[in-house]
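Look for chain A in each of the two complexes below; its partner is chain B in the first and chain C in the second.
Up next, the complex of A and B:
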């Protein structure tokens, strides 16, 4: 990834990915992992929060039902879009970057959701067929990420490899008014990235894009278009028998 | 009771949003509106320094024979001005709601530049649904 790395103190995650040793955990105790090259991160973290419990050590189920301020998220996402917009040429590039950012979230969403749903089950399973996987994205992923299910799933009439998830009022776009000269831009490319990561993680490689499909009743209606790779369709065909 | 118009003045005294609702206001050019907003900004600054009781948030209502302007100052220095008929009693409440809408549709919009004129369809649409045609 060609992102310029910010100052180490600004972002723990992005610096930690620079070296594989630090990648194990940015705050791994030095008795378990010798980290001669990473004292700066250790020192910065300790100085910033001497007594607070580490967020990485927290029980994953503790935050299951907690809610996030929609306003705080709206401001954060607005900054994300502005930050990205300053570093790209053109709308396609902007959408691709937003997609990449969403992808990083999607991988984590999938891991967390599978762990929460299946870890307590006596017979843990995973989705191997495409349609149930798509249904679980439409309801489970949307509920985990946005707090509500998506509004519809459609299958393309023209192309057998295209499916669509439709959201009538995407929460991340609720406060965004795209200027007229950028009208093709859909900030839901971020959501498309999440969907792409979840599909990839489940073994259904696909290219996912977002498109504005406004209606008079829902001016910010958005279609997430999933274009599956041929291998997925071939496998689905084999599994039918 | 009628709502004639809404202005949003940034902290430097520039008019960043101006819209008329009900008929009745004199028709002015956009340049004249800019001058008026700048003047109001100055008057507001004077009124906030005149207070005999220590610091003041400045003029809140300016009344004329046929209309009144209600001014709401936010902590960041942005001013919302509502031009209404004298009988309008809900101007304060409307201005508070305008502030809500401004915070949502303008400040959370990544395509808005702070202190610059507001060109946001979301803001326009929400103001329209709040004020309507201006007749209450």
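Up next, the complex of A and C:
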């Protein structure tokens, strides 16, 4: 149901960009975001503009070790989910939108993370094989995004094209309790989007989804399910020889 | 000696292109006709001559009227070479795990070197003569600039790069390395 269109990502991007333009206009936004202070913000911005540092002047390594407060992120993510939920019909749609938002982050995480790791090297390397790439998502990407490695990687027994990354306690869901009637919703779809972007960027196109797989020990345990496209498996097979 | 740089998105849409005329001397590998001409004219004609020597494009000769357009009129030849090299680049990037792919393709006097970032962004550079270390340094700087562009939330992987600062920074490192 969720993937009826041929290019779900493109269509989501285009519709969301249209709708975001609508929501930028103060008249369309809901009353709780009344903007009496908007002109003054604009004025201060204009005044400050000449002194604002250019993005090209900034050092990419400066923020390497900095961390974002978990509560600040929890508030932001809560707003993200609420904002998204108002504009969708159905859980599938909501998950797909969260996935798209994560995708935009994933493309940046990948470029920045690899730049930080490789730019000092004389011969920077790319990942060309799938399993090392999956390992680096499990450790490096998770460390860059969540500050810790994921808990496990599993390979599906039934399907050769399915891999799973397991997080016992995903930080982005720590302050979310999903209502009973939406129990199949996993807000880690956002994380799934990040993983999908990283895999896409590295040249392993896949469909990535998030699922709740609670255990008695870890009630918020989440599985990120990676379903690889056939081309990836074919290529891996060729490279083995 | 001129250089042509193209930045291509993961779906091979050109996001940025640059033509750079190096002041460094033309190496002796270029056509004998070009080396017989005085230096100011070789740099002006080099692009045209090399393009004409292989591709039968009906380009009209603008005899150096002071305006050094260089590869201006054989722009379509340059673009064709850059496009054609994409096949070679994609073949090589599956086999090699380095980002910098030097001399992946050749067409007449043009050598194509490429740089593939982690996110599958491709930097394609057409150059004459050999300058591996210079090009490596140039690509490293373009890479950093590109990552900074990418950090901008208003930039997507498929939007063209129009920033003036980006342009001037790339030009500066082209002057430095090429």
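For the reader, a short list of remarks on this structure follows.
Here, the second predicted complex is superposed on the first by the 185 of 241 C-alpha atoms of A that agree within 3 Å, B and C clash if a C-alpha of one lies under 4 Å from a C-alpha of the other, contacts with A are read in each partner's own complex, and residues count from 1 in each chain.
Here, a contact is a pair of C-beta atoms (placed from the backbone, for glycine too) under 8 Å apart; a residue touches a chain by one contact, two chains touch by 3 or more.
Every value quoted in this text rests on a predicted model; they were computed, and no experiment measured them.
Bringing the complexes onto one copy of chain A puts chain B beside chain C with no clash.
Of the two partner chains, chain B is the only one touched by A:177; chain C is not. Looking at the shared chain after the overlay, A:125 reaches chain C, while chain B stays out of its contact range. By the touch criterion stated above, A:114 is placed in contact with chain C alone, chain B being left untouched. In the superposition on chain A, A:88 makes contact with neither chain B nor chain C. Contacts of A:71 after superposition: chain B is touched, whereas chain C is not reached. Of the two partner chains placed by superposition, only chain C is touched by A:54; chain B is not.
Of the two partner chains placed by the overlay, only chain C lies in contact with A:203; chain B stays clear of it.
One of chain B and chain C touches more residues of chain A, and that partner is C. In the superposition on chain A, A:144 makes contact with neither chain B nor chain C. Within the superposed three-chain model, A:233 lies out of touch with both chain B and chain C [touch as defined at top]. Superposing the two structures on chain A brings chain B to within 24 Å of chain C, judged by their nearest Cα atoms. When the two complexes are superposed on chain A, none of the residues of chain A touches both chain B and chain C.
Interface residues of chain B facing chain A in the complex, by the touch rule stated above, are 104-105, 107-111, 119-123, 125. Residues of chain A that touch chain C in their complex: 54-56, 58, 60, 104, 107-108, 110-115, 118-119, 122-128, 200-203, 235, 239.
Contact residues on chain C toward chain A in their complex (touch as defined above): 10, 93-100, 116-121, 136, 140, 143-153, 156-157, 163, 165-166, 169.
The touching residues of chain A, when paired with chain B in their complex, are 71, 74-75, 77-82, 85, 175-179, 182, 187, 219.
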